[in-house]
Each structure stands twice: as C-alpha cells, then as structure tokens.
Amino acid sequence: MTGALLTLLQLALTLAAAPLVTGIVRWVKARLNGRRGPGPLQPYRDLLKLLRKETVVAENASWLFRAVPYLVFALTWLAAAIVPSFATGLALGGSADLIALVAILGSARFLLALAGMDVGTAFGGLGSSREMMIASLAEPAMLTVTFTMALLVRSTSLPHIAEFLLSHDVGIRVSLGLALISLMMVALAENGRIPVDNPATHLELTMVHEAMVLEYSGRHLALIEAAQMLKLVTYLSLIACLFAPWGLDVGAVPGHALALGLESWLGKLLVGALALALFETGMAKMRVFRVAEFLGGSLLLGLLAAVFLYVSQGL
Amino acid sequence: MLHFANTAYDTAHLLDTGVLILSFALLFQRRLFGVIRTYAYQALILAAAAAWQAHAQQAPHLYITAAIALVFKAGIVPFVLQRIVTAFNIHRSIETALGIGATLVAGMALVALAILLVLPVTTSSGALTRESLAIALSTVLLGLLMMISRRNAVSQVVGFMSLENGLILAAVGVKGMPLVVEISVAFSVMVAFIIFGIFFFHIRERFDTLDIHQVERYRGERER
Amino acid sequence: MTAFEYILGIPVAAALALALVPSYRVAAWLNAFASAATLGAALSPFVERPATGVFFLIDDFNIYLIALTAFVAFTTSLFSLRYILHEVAIGRLPKRYVRFYHSMYQGFVFTMLLALSTNNLGVMWVAVEGATLTTVLMVGLYRTPEAIEASWKYFILCGVGIALALFGTILMYLAAEPVMGEGLKAMTWSELLPRVSAFSPAILNLAFVFLLVGYGTKVGLAPLHAWLPDAHAEGPTPISAVLSGLLLNVALYAVLRFKMLLAGNPGALAPGPLMIGMGLTSLFLASFMLYRRRDIKRLFAYSSIEHMGISTFAFGMGGPLANFAGLLHMTMHSLTKSAIFFAVGHASQVKGTQKIAEIRGLTASQPALGWALVIGVVAIAGMPPFGVFMSEFLVVTSTFARAPLLAAPLVLGLLVGFAALMLRLQGLAFGKAEGTGKASGAALVPLYLHLAAVLVAGIYLPGPLVAWFQNVARLLG
C-alpha cells in the first residue's frame, strides 16, 4: 500500500474509532462505579445530535470564535495522521517528528485557549489560564521524553523510533521505563483526565478543559468534542508506537502485515482504554495547585531517564 | 522480546534507580506518615538491591546486610516511628523550607553533581560499579538536601536514614568490600540509639513539638 | 597481640561492669581504676612493640598517641571523680544518670583506643562513629533544653560528617581493589601504604576530599565546626576535656593516616592547599570569636578550634619541620586543654556558674585553682617556655621558610587569639574576689601533672619521642 492510501486509511480509522474509545472508557467507568451507564456507542449518537442542533454564538464573539473549532479539529486530525498507528511508511512520514507533533498539538491547544478567552466570560478565562499552566509544565516533560528517545535512537522521527525499537535488541531499560511513566503522566494532563481534570464534571470551578468550551454549541461543539476524542486516540497510539511497537507494519511482508498491524493497534487501543478507565476510577482528582507537583514529577522522571541513558551510553 | 539485555547489570541498575527515585519521592512528601512509608519502601528496595548484589557477586555475607535492611529498616524503624508520631501527637504535616519546585531543581542539580564527580574519576572500574556509585552518591546528597530543607525533627532523622541507605548502596555496589555487614550494623546501631527513645524522650520532655525552630531558640549564647 | 587485648579489653570490661554497678561512688572509683589499668596496658608497647596484625598495629605514629590518650583518660577520670561527686551532691545530676555516664565514658575510651590502634580502615570508621555516638549521649546528659539542642546539633553535623567519611572510605577501597584484590587486604593500612603509588590518583583525590570533609567535621575545622562550642558548653566538663583533648586528636589522626596514603602516590593532589585553607579559616574564625564569649567553656571550645586549625595548617604546609610541629602541637594541646578544662570545671562548680562575668578573682579566693588556671591559659595562649609555644614557633618558622606570604595571616591569627585569652584571663584570675565558694577538694594533682608535662616538653623532648615524630613527619610528606 502506498503512503497516501495508508494515510487516508489511518485518517478514516482514527476518526471512526475515536468516539468508540471514549465510549468504552466511559462505559467501563460506569460499570466500575456500579451504574449501567450509556453504551459504548453513545458518543456517536451525541456527535450526530450536536451536528443537527442550532449553533448559538455570543454577540461579541469574534471571527476567531467561529474559526477555532474547525482549526482545532483539523490540527488534531493531522496529528492523528502522522503518528504511526498500525503501519509506518505513511505519506507524511518524513515530517512525522516528535517535536512536530508537540508543536501541532500545542497549536491546537493555543487556539482553544484563545477561544476560551474570546467571549470574555469569567469561566472561559479561568479555563484558559489553567490550561496554559498545565501546558507550560507538560510540554517540557514531553520534550524530555523526546530527548530520551532521541538519545537512544539518534532520531526524533516517529517511524524511525518504532523501527529501531522493533529491530534492535533494546531489552528493558530503566530509562525507557522512566520515560514511559513520564509520558503517561503527560498524556493524562494533556487529555484532561483524572487526576488532572475531571472530564465528566459539572462544577465550573473545577473545570479546566470544559471551562474553555462552555460557550460552544451545535456543530462547533461537535467538532471540538471530536477533536478531544481524536487527541485521546493519538496519545494512546503514540504511547503504543514508542513503547510497545510490536505488530506495527514496517513494510516487511505486505498485505498480511497490514492486517496484523490493524489488529494489534485496535488491541492496544482497547487495552489503553481499559487501563485508563481503571486508573481514573481508582484515583481522585488533585487540587489545581498540586497539578504543578504532579507535572514536576513527570518532568523529573523524564530528566532522570535522559540523564541515565546519557550516562550509560557514555560508559 | 521482553527481556533484559544484560540481566545482572540491568537488574542492579533497576534496583539502584528505584532507591534514587524514592529519595526524590521523600522530598515530595507533605505528610509525616507519607515520609515514613516512603522510607520503608526505600529500605525494601535497598534490601532487594543488596540481595541481588549478594547473588551477582557470589558474596553471601551481603545477604545479612539485606536481611538487616529488610527487618530493621523496612520493618522495625518505620513501625516505631509511626508509634512515636501517634503517641506524641506530633504535628503531622510538614512545612518545607524550600518550595517543591525549588527542591526539585536542587535535587536534579545534586544528581548531576554526583554524576559529574564520580564518573570521570572511576574510569578504570566496571560500568555497573560506576553507575552504582553515582546513584549512591546522589542518594546521599538527596538525603542531605532533605535534612537541610525540613523543619520537623522526625523528617530530619528520616533524611539521615535515607542518606545511610545511599551509603549502604555504595558499600554493596563496590565489588568485594569487606566488613560491609559490620559497617552497616554499626550505622544502624547509631540510628537506633537516636531513634529508640533517647532523643524523642528527651525532646518530648522539654518541648511540646518536635519543631526544630522551637529547639533552635536555645542555640548559642542567649541572655538567660 | 596480647597488648591489644589488654588495651581494648579493659575498657570494654569496665564499661560492662559500670553498667551494672548501682552505687555512684563505687562507679566513680571503679572508673578511675579501670582508666589506670588501661594506662598501664597502654604503656606496655613502649617496652615491647607487638607485631602488626591484620586488624591492629602499633607504629611510630600511634604508639605515643595511645599512651597519651590513656593518660589523659586516666587523669580526666580522676577529675571526673571529684566533679561527679560534687554534681550529685548539689543535685544537678540525678543519681541514676551516673551509671550511664560512667559506662559511656569507658565505652568512649574503648572506641578511641580502637580507632588509634586499628590497622583496618573500616574498623577505624566504626570506632570513630562509636566515639561520636557515646559522646553525643553524654553531651545531652543534663537534659536541659540547651543540652538537648547541643547534642542534637552534634548528632546531625557529626552524623553527616561520618557518613561522608564512610563514602570516602568506600572510594579508598575502590582505588585499592584493582591493585590488591578484593577482601580485607585492600582495607589494611599497613598493606596499602607500600603499594599506594599504583592506585588511581583520581579516585584517591576524590576519596581524600570526602575523608577530609567527613573526619574534618569531627576535628572541628571551620566551616564545619558549628557543633563544637555547644557540645563543650552544655556537656559535663569531663566530657569537654576528653572531647577537646582526645576526640579532636583522634579525628585528626584519621585524616593524617589518609594523608600518609596520599603522600605515597606522586600523582595524587597535594592535600596541602585544602588543609591550609581550612586551618587558616578555623584559626581566624576562632580567634575573633574568642573576644565576645560570655561562657567560659565556650571560650575554651573556640580555643580548641583555633589550635586544631593551627595543627591542620601545619600538616597542610608539609615538610619535615612543619609536620613535626603539627604532631608536637597535637600532643601539647591535648595536655594543656584538658588541664584548662579541669580548672574551669572546678571554678564553675565553685562559683556555681559558667558565665565569665561572674567568675572573678580566682587567685585570691582559690589560690591553687586560680594559679593553675593562669598557668594553663598562659600555656595555651602560646607563651614560652611552654610546649605550645615551641610547636607554634616551629610552625611559624617553617611557614616563613616555605611560604612567607602565608606567615602573615598565621601570625596575625595567633596574636589575635593570644590577646583575647590574655584579656579574659585578667578578669577571671585577678581582680576582686567575689564571695568565697567552697573548695571542692579539687583534683589538683592531675591538673598540675599536665601542666608540668607541658612545661617540661617546652624545654626538653625525650630522644625516642623526637625520633618517632621525625619518622612520622617524613611519612606525612
């Protein structure tokens, strides 16, 4: 399969799978809480409902407010397209860089923060400032993970990293373990999951991400929700690509390998969703002031991983 | 696929790093019981590290060190400390002299310092020894940082004990060091004396809290 | 090895026995007898030197130090006898603590002698740690808030110092292991010394830095000296005497053993500048602090810091003359400072206070004690013909010869200290006597014995002693 076809397939599949993953997480959490909960397919129905509803926009909203949902959705879908999920050799593989990924997702977040402040409500500003605080700590942590991988593989390109880890006898290394934990903590923060932010909360003062999008409705809200679901899938795929790349189709045996890649990717998504649901059920949300310590710990682990890898390579 | 590239090296490295990470975790704790519990985990991993070194170096006397770490440091000492904290109603949340962020930065700087000190100097030793020593020195320095940045006497003692853990790690990491058991026993005896009643009972007799700032009112020469 | 068994066995047995003796009077006398027996055992190596073993050795460096330690421990036990009886009589010290005190005293003597006579670096560390532990417990004996704070600070600072010294010891083993193989041989000092030139200089350097900082904390070198004044002031005076007179020496001895190892390796860094720096800092800091002290024991504690600084400076200078001077200074300071603390202890008991302002006119009210104090202070300040003057003079001349620029700050520091002590002496010894406290049957004999020894040493040193000093000075490099 050529790169372009693979990319289109990935775009379609991630968009199709994203609501299902979110649905599974919510369903498992509900079951663990002793409730029946909505079915795993509920997010699809929610999105369709939102698309058909009227879009209400505040009078003093600027062009930015109207444009942001489309931009955010496009950027997040692009990020989903460049992370090797079931195969390497995507069309955009040349620029599929970890740093580029951070930049794309960072731009999306930036735009959303601007939109939150655009209408001038108090909660919007609250959400935006909290989001940027979290981002200011999560991005350096993510970058330290990038450095660690780069030290090991001598490249920040995602397909290269995946291929390196598959082909070489890397074995379990302490640095990789630390980097994995660090990345998982960053992923929790970026996706607004417990313990950083409760995605199901109705209390505005505890919101981070939800507060930014309080003003949105109709198709705008549908796009933003879809972007959020895509972001979760992207991070799960990223963790799988960097730390559990088995099953990835690297073009060795065509056809058969692609099916294997798809199966393993879906399996990893399922495992990730279950793990996330279990973890969220077991933890309580932290106070906003403690989030800095949480992310500080993640940064620390990333730094330690990079330092130890650097040290052991120099010996 | 899922295996250690070099089992002896990687296991030892894993356990050593575990001790170091728990040293950082000690710095992050805000509650006294959290400090004591984290110290117990650190002693547990230290015991595992010592036992592994005993196996890898074919040095059976290190099993005794591991047993001491397990029974005494991971069992008796945390238990007694918890009893003391409960019995004396010691103020249970810890104020730190530095903020968490500054402590984090200082901790990383100390780790970097330890690595910079040990690695260039030990070029003739094996890779595992060098890393073990660097990690052990980092743990020692982090224990020192904890002693400096805490006001509560119990957490200062725990900082000292975590410093001692780092030293035991260094002693078992160096191949074939004799008298490790004796040295670790001597150190543990010192710690035991300090903890098992002398200071806490003395201090408790005279002060209502174990806040070092209260104690420090009596430092030096004052107009009495 | 029999000599070692006696030297070390008697204190251990005494410690155990004293833990069981209920009567404090009997305990005090037993303490003195045990110390006398230890002194006898410590003198036996002069007659016939025991062979060097894996764990123990007697060589030119520690043969006289062991005897000195046993001697000062003995005289201090005599002083302690009088002192403790008085303290119990006036009720300042509860009777049940006395048993503990005497047992710990002998334990402390044991650990010091062990540290001095051992050939093994690990055992030396354990012994110094044991000495720290026993003294920490004794400093807090009175259990006043100040005493507890002093012993807490002592524990924290010296505990950290000991920990760093252990790391240095581990590094030293790491340096020795490739050349000497694993096991005990690589930690045996007498085996290490001839082969140290084959060790890696980088590891030796790092190890020595840790050891200097670690053991240097126990020597009381600035800036690591913060525990010293409080520990001296708040503990019982016999403990101040042995702390100043003996423990500081033992810690410096440990540093010097390692310095000898480093001197044998030409590639290792010269410990000189480091030791000179710390020595001068201690000297200056202590000399200036002498001026504002209001507590008499604190005053002499800073004087100890000053003299340890001078010794460290001398050893940092290096060369046969300076090393000789340093060794002589260690000995003289030990004798003089313990004598001073004897006098100070009795004076503070007589007057019931440790404040300098309230201790006046001793030569009028307590002539024997007062004049002893005068002689002691004059001796420690460095006046001829006492031994301290001799050693300080030798340090100054060797500094002039080797590094004239350093001689200026050295002499300045010495003069500042001298002036401070003389100023204080005025008030303490002379002036109007206020009240006549009871003479407490002072232990004047040990006091005058020490001072006589210092006086004699200033005029004449016995030949064998000079030979030993010169031998060690050569090894120190």
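Note that the chains take the letters A, B and C in the order they are written out, and that residue 1 is the start of every chain.
By definition in this document, a residue touches a chain if its C-beta (ideal position, glycine included) is under 8 Å from a C-beta of that chain, and two chains touch if they have at least 3 such contacts.
For clarity, every value in this text was computed on a predicted model and none was experimentally measured.
Each chain gets a centre from its C-alpha atoms; the one nearest the centre of all protein C-alpha atoms is B. Ranking all chains by how far their C-alpha centres lie from the centre of subunit A, first place goes to C.
Averaging C-alpha coordinates per chain places the centre of subunit B 31 Å away from that of subunit C. Here the CA centre of subunit A is 66 Å from the CA centre of subunit C.
Spacing of subunit A relative to subunit B, judged by their CA centroids, is 37 angstrom.
For subunit B, the set of residues touching two or more other chains is empty. Residues of subunit B that touch subunit A in their complex: 1-6, 10, 13-14, 17, 20-21, 24, 28, 100-101, 104, 107-108, 111-112, 115, 119, 127, 130-131, 134. Interface of subunit C with subunit B (complex): residues 120, 122-123, 125-126, 129-130, 132-133, 137, 140, 143-146, 148-149, 151-153, 155-156, 159-160, 162-164, 166-167, 170-171, 173-174, 177-178, 182-184, 186-187, 200, 202-203, 205-206, 229-230, 293-295, 298. Residues 169-174, 177-178, 246, 292-293, 296-297, 299-301, 303-304, 307-308, 311-312, 314-315 of subunit A touch subunit B in their complex.
Within the complex formed with subunit C, the subunit B residues making contact are 117-118, 120-125, 129, 133, 136-137, 140, 144, 147, 153, 156, 160, 163-164, 167, 170-171, 174-179, 182-183, 186-187, 189-190, 193-194, 198-199, 202-203, 205-207, 215-216, 218-221.
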